[in-house]
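Could you have a look at this structure, given as structure tokens, before my questions?
Labels A, B, C and D are assigned to the chains in the order they are written; within every chain, residues are numbered from 1.
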């Protein structure tokens, strides 16, 4: 049971990198996460989270990732996570791998954030202005990768004064179970609520009444 | 003659909003600026600036503007400049008006920044990471509107520690000649060099030898 | 009469650079602005604005400016506005000139933002997190200089999704009357309301009932 | 041996939260980290890193943390890490606990960043403008807490296009050895080099010749 309270009309959902390269069986990164996805139930939980957010009328923000050939080849300081993506040509702009998974895709009235080129969706995209312009003060952040884009974005949203909800069961870590366990211990520090999908949907529903 | 010095290999050019809606005779905002464009020579100067930058091998960054129907209709706090654009449906995403003017368009190897939704191109886009990843420390900023996007971006680039060059003859102001005159007095405060296109190209060429 | 509406409990006041160097007769920059201060009534209006904000219970944020000797002498890219301040040793950290004017000073429960080293108070300080953590969504921005710090901060607050109020009579421009006139034409573009102090206090009082 | 190369004149060192509350035996948070400090040799390594940076002439940036009573009591959205600090009154502004440890303190010519109120030193402080104004492109980040402030700052510096060096032996994690091990696996993703203090000092010395 959760005592967390959410102000009706000010809650939004952010889904990060729900692309084919991560969530489809033929995606380039799928096998990296398959085992943890199955243990956690990530995909099913994300679908239930999205359906619940739509049912409760939250604005939903989709944050995609994509790179051009120029990005892959011309950057001066390539970090480890970028090597991971660049060397394996993950998220090629315009390719199937960089499309949203059919079951985790935006509807016509939902907001698609400009592609993030790094791992913090709040930096270097229009996320902040879109969140604020859609009256979102309580932001729930799910998707992938739990220790990379989700964590950087959660840290930055907290930093900028949002109320941040992270999830134990709507993401997964790079590095398997040990990395997941350490991540789940960090999340409560960098956010304001760390919940399961069901706990979150119950708390927002209860707050609305 | 200019004594400004630029470090070879660290200079970049940013062109803002060189779209049909502003620079083509059938563009929705063209008439607003026509008189000042002709007095200043903005369009010809921009073409010469772009050609000179390419000749000297600078990275060129193109910053486009575009809005979706959702943007026009769903924002909570619509500022004056947004009313100007939203009420007149300027820069409709996917339309001819939001395409680059054919003579002020990116080549294959040039960088297109994600569309800015407000007037500061450094905020809410990937501009900063692209500038830094392409080794740009001295950024020359031209295009439109001189008092809006160009000025906000110059202010923010200065704020973030870039060396900023603004131009007297590669932009124009909203509000005509008086607004232009006041802008030209502000530019030297918010930037590190305020030059004509020819002065800039001469200074960078001289710095390279 | 103003039809602007403000949500009770979400309005805050930001006062920029209300330091002795600007507002006291012996301040280093006072003479630069004296004539416009008297024409506009800036100082009296600021005092009435502050008193009104306190009476209505708004959080008040004071943004001071100060520089160390290291700042004055070690920066790589010194812009025009910084030359103006550095060459004249304005706002020396710890000096009388960098203290708040006695009549425009924070009370014990008011928030003092970390000193801004440039002209955008939202960048490079704790302003954003303090605004959000004090529930401020509607931010009224007054103080000095109208064309520099106030304008940069207003532009950035608009950029980040705040509702921004600027003032015609609680600031002044560098460059005298012409610069002021041009500024007053720009403010409605970069903000959501451009009001007199009295119009603002009337609008917030009306919104609260 | 490290093949990492650093451009002479563009390397800086950032030390985070080297305050008495963390590094002095009577500090409020010391016991939390004592065991890991001893295992890793954090304190001795930090002193050697600082001495080496000074010897090689790098600019050194000190990032302190401090809170006012108003901060502790008036924030709207208090995250887990803030509860940790606020509930225990860590880093009280003006107190001994919020002073730099005597052996990890700035010298007169070194730069003290404005206090960070959250965990990302690049957000909400003057760090970025100070780094850029002191010609720092390669930033080495050490201090505490490895999984909180150091990690958030490293993530954000990478995000903004800096070359980032993290350390295995000049920090420690909240959560003990397991959290440390997971952190050491994350660092190479979010930075460009993860080194020991000695490897870093050797690499920068080699790059300078």
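To be clear about the criterion, a contact is a pair of C-beta atoms (placed from the backbone, for glycine too) under 8 Å apart; a residue touches a chain by one contact, two chains touch by 3 or more.
Because the structure is a prediction, the values reported are computed rather than measured.
The minimal number of chain-to-chain contact steps leading from chain A to chain C is 1. Shared numbers divided by all numbers used gives the overlap of an interface; between chain B and chain C this overlap exceeds half, so the copies present the same residues.
Averaging Cα coordinates per chain places chain B and chain C 27 Å apart.
One simple way to say how far apart two chains are is to compare their mean CA positions; for chain B and chain D this gives 37 Å.
Note: centroid distance chain C to chain D, computed from Cα atoms, is 33 Å. The set of chain B residues touching two or more other chains comprises 76-77, 118, 123-124, 128-129, 132-133, 159-162.
The residues of chain D lying in touch with chain A in their complex are 76-81, 84, 118-120, 123-124, 147-148, 152, 155-156, 158-164, 174-175, 178-179, 181-183, 185-186, 188-192. On the side of chain C, the complex with chain D involves touching residues 70, 74-77, 109, 111, 114-118, 123-130, 132-135.
Residues of chain B that touch chain D in their complex: 128-129, 131-133, 159-162.
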